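In what comes next, chain A is part of two complexes: it sits with chain B in the first one and with chain C in the second one.
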Partner chain A sequence: MGDFKIGRRSLLAGSGAILSVMASGVRVQAQESVTALPDYVSWKDADALIVHSNSTIEMERSAFGTSAFTPEDRLYVRNNVAPPPASILDDRDAWEVSIDGVAEPRSLTLAELKTMGITTVAMVLQCSGNGRAYFEHEPSGTPWQVGAAGCVMWTGVPLRVVVDALGGVAEGMEYVTGTGGETLPEGLDPLTLLVERSVPLDALDDILLAWELNGEPISLAHGGPLRMVVPGFTGVNSVKYVTKVAMTAEQSPALIQQTRYRLQPVGEEGGPDHPSVWQMSVKSWITGPLDATQAGRVQVTGVAFGGTTNVASVEVSADDGQTWSTAEFIGPDLGKFAWRPFVAQMDLQPGMYRLVSRATDADGNQQPEQTEPNDPGYNHNGWRAPGIEIEVA
Partner chain B sequence: MGDFKIGRRSLLAGSGAILSVMASGVRVQAQESVTALPDYVSWKDADALIVHSNSTIEMERSAFGTSAFTPEDRLYVRNNVAPPPASILDDRDAWEVSIDGVAEPRSLTLAELKTMGITTVAMVLQCSGNGRAYFEHEPSGTPWQVGAAGCVMWTGVPLRVVVDALGGVAEGMEYVTGTGGETLPEGLDPLTLLVERSVPLDALDDILLAWELNGEPISLAHGGPLRMVVPGFTGVNSVKYVTKVAMTAEQSPALIQQTRYRLQPVGEEGGPDHPSVWQMSVKSWITGPLDATQAGRVQVTGVAFGGTTNVASVEVSADDGQTWSTAEFIGPDLGKFAWRPFVAQMDLQPGMYRLVSRATDADGNQQPEQTEPNDPGYNHNGWRAPGIEIEVA
Partner chain C sequence: ETDSARIDMGKALFTQGAEPSCSICHTLADAETMGEIGPNLDTMRPDYDRVMRALVNGVGPMTPYDSLTDEELDALSHYVASATKADNVEP
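Moving on, here comes the complex of A and B:
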């Protein structure tokens, strides 16, 4: 009871989901006008979302707010494979995950996990392809702008606690490999579509086996009843409906690991020799104002994060990067994996302006002006392209 | 567009909203079985809520989670007067609030406020009567248990910034008085029902004029388009649909200030000589487990807050307060006005247990065993009564 969400705003689902922000000077791919939310996310806030397809739904740039985290009903959706049936949420505590590559491998139910340890981590969840629309080589795939990202809180048991309870990591293991519980079509090599991702074993101390998202049991759309959450890594690495977590010597043989989510040069096919899409880098973007604004004092807001370390500072420019002003962070600091909303008070006379932001993390890494292109259009973090053109009247 | 929330879980609204937790040894008033959410909050999560009446809706004790904040669709509702028509949200930026008791009084639109300054505060929002069910003298009024409270994030402009922009506080003022925009019935002295509350001027530096709750424009149920938010004070002091904010020499003449929300002795009528219900005190309660549990390691969770200062520590007892164990806080610290989820790992053999928690704030104030009674049943923070009886099998 209470596990499956129904119908929020379904009456409004046909309205409003258009591309409201056109980044000037960069490609914004024309979208088929898909505005209705699919059933499994019909409880989401249609007015705050851009429906690219049933499995790719982006948050409007106007919907970020300044409250440090993203409500679940506005959080972007990206599923590589259709979610399993909602019936997997009927008895959440009975969900089983097998733990392998440890001294004493075994299966654990979610009920058992809930007795082992508990922690909460605030984290930027960002699709690997967020910002793809800003690459000039026009990668195929969803042309996400800034909205395939949110900052959310996960509660679960630290994977380290589980691994230690099972005798520790087995000899020779170098990766943490999570296997998703999606139902795969028959008659196809399972490795073609299997959602199984490997991340370096170094990430073990940050990983959660999570059952709660923003204070509520995780919805089907976001991987409930149990998700392997890898803070600091792009969304694909946080495996939904996780059925197996293994410490492994090699990376998963699934194509999603071997050839997809690789950073190959433009024009090449991805393969195991190209870097995998793992850790996120320092990034920021403006969230307001997005429309014509009155002259005088203008509060320019946005969000900034460091990826795997704290964001240290962020600057804002109203002249496309010729001059910069330091912004201030707003509200509580939710930790190094979270983003921070920021504001810059600017005095703007009538005219056209191009607003951009540039963040620097605690290790001194700064957003580049442009992102080195990769064929599939992952990991965009350049500061120029996501700029916003506004008229001050 | 996007301002009025429609229909989340409305299909489920008839199910599940029962009193699922019976605190043993204390009065729990029998409830009329009101389970359907009223229209203006039909988008809320009915399964997580107890509908006492159309204007008094409590969160289930099982719905707190451990994610540091409370999603808006689970947040309790308490309206002293029915909300204004939803049309007040049609043009949020046009909402006007008059600022008085400053050197240069004037009206400001919400659009203007949004240019003046911006901050985000995480805060426990708690009804003055939360815990009323635990008073032994059986006060009249809604018998809230623990769920007339949530921890939420507000974004708005600091009132201090607004006041300073208007020349500062006028001479001789001692209170900040906020006036709500509810529509009052005709033919009645307006002071009978006017929602107008005064708090000491000392609170000025903490107060926000807020337009955003948990990252979204404030809903009608919670005071949108603009609410005067007073961190550290009980909910009634945070005036919804605020139309006027005045620095005043005296407290409001409205009955809600003069005779109601006073801490008079049991059996007396409230009046201006009795203390007003203002600042909250240190408090905590257990949120899990609430049901029969397996023997062995049990994770006892809860929330704790200090009211106007940080919570420093919290202890848990499985024997109704004879022996105590220190709990650990979970997740990010959202600041002194927020609560912190906590966990205590306990090893429990089969038997019956009575779980209680006891918090201490940064000034050394500790929850008392019992709360000194007051006639209307406000400000309950005793540790004994909200205890939970569980069977370990």
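Moving on, here comes the complex of A and C:
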């Protein structure tokens, strides 16, 4: 069976009928995606977004600007399963979440959570597949470039506070498992669709049960009324419409945990023995200029983040990585889970340039030139492929 | 095999033959299905290769359709791309 599958994959990889490979390695879909925003995100800024499908919506690269955080109306959307009905937002405070795997398990309403504690964390929310378009093996899934990411502020109660109030973590638990409240259809084994993700218990002290995004009640698209937010981890781990949070001895049996979101070699199917898609790695990309620009002093901007640790520095190159200049961070430092916008002031003469950026985190980890491929195309952080070609006149 | 036979086979697989049925999760006007779990195919308009990749490799919560034959995979990919008037309906 394995050979058969690889054979099928090879056939696909060779076709290239809809995908063209540019010199930079960026795959661009010849087919234009739909442009209209689905109803549940009709309030978003359509001009700032690329609609891949009704459940996969990317922010335009030109919409990043130089802000330390991303407005919700520009933030990318990715739903593994269609959102529940909007009526779940009618009475937000009545939303219930059960807490299990603690000494005294019970359900709490959002109203009660709000009395227990409150904090805000700024963090990069990034889809696991952001940058998938830059892998050359044509992974299945949405060909995100850089725009399946934003830096947002979540407000809620630290999960640690809730767990301690319920007597602490029960003995033998190794994971925090969040269950989403999506409505699942009849006729399918629920475990094939259930959005339930487990992250290592080490993350407990960072996790929030959040009810606000950028100071507003969380929209349906982004997981309101309550989302389990896991800073430093890819977006899929921050479970929307969370109905249950359990400290568990094992990882969730749901397929989204067991076989999907795994870092298996190209040509293999994912399984529990492959690493799960959890923590993000150091990453950066250029946000401007993106088009032809005038010769002289050019402000080359971008964003950089470390994933689970602070980003320490970022370099910019105008010659595709042959020579590098140190960039400066701009704007406030919102903490280790946030990104830092940066600028490099470069004097550019008329000609063609390829702008790339390369970040280093506080532990000394630096973006690789290329990311080692994995079959589903997750966790891309190579510096070369997302580069921008510009003409200076 | 005529194209209409290929289309018919693809449509039958979409609505009934594939297990689980595509119709549970996807909206596709031509097949008169209204699933709302996965992407709306009428608006997504996936090309043949994109459908094929999803069927063979899986995507997101969609698991690979290992039980389909190569002929069935071809018919289903061709049908979905054709029914949504995608730009490329062939491999």
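The rule we apply is simple: the second predicted complex is superposed on the first by the 365 of 393 C-alpha atoms of A that agree within 3 Å, B and C clash if a C-alpha of one lies under 4 Å from a C-alpha of the other, contacts with A are read in each partner's own complex, and residues count from 1 in each chain.
The rule we apply is simple: contacts are C-beta pairs under 8 Å (C-beta built on N, C-alpha and C of every residue); 3 or more make two chains touch, one makes a residue touch a chain.
Only a predicted model underlies this, so the values are computations on that prediction, with no experimental measurement involved.
More residues of chain A lie in contact with B than with the other chain of the pair chain B and chain C. In the superposition on chain A, A:138 contacts chain C only, with no contact to chain B. In the superposition on chain A, A:67 makes contact with chain B only, while chain C stays out of contact range. In the superposition on chain A, A:105 makes contact with neither chain B nor chain C. Looking at the shared chain after the overlay, A:200 reaches neither chain B nor chain C.
Of the two partner chains, neither chain B nor chain C is touched by A:373. In the overlay built on the shared chain, the residue A:84 is in contact with neither chain B nor chain C.
Of the two partner chains placed around the shared chain by superposition, chain B is the only one that A:216 touches, whereas chain C remains out of contact.
Judged by the touch definition given at the top, the superposed model places A:321 against neither chain B nor chain C. Taken together, the two structures place residues 1, 5, 8-9, 11-12, 15 of chain A in contact with chain B in one case and with chain C in the other.
Chain A meets chain C in the complex at residues 1, 5, 8-9, 11-12, 15, 17-19, 30-31, 33-34, 36, 38, 52-56, 80-82, 138-141, 184-188, 192-193, 195, 255-256, 259-260, 269, 375-376.
Residues of chain C touching chain A in their complex: 20-21, 24-25, 35-40, 43-45, 47-50, 52-54, 56-61, 63-64, 66, 70, 73, 86-88, 90-91.
Contact residues of chain B toward chain A in the complex are 1-2, 5-12, 15-16, 43, 45, 47-48, 64-74, 114-122, 153-155, 212-216, 294, 296-299, 301, 330-335, 338, 341, 343, 345.
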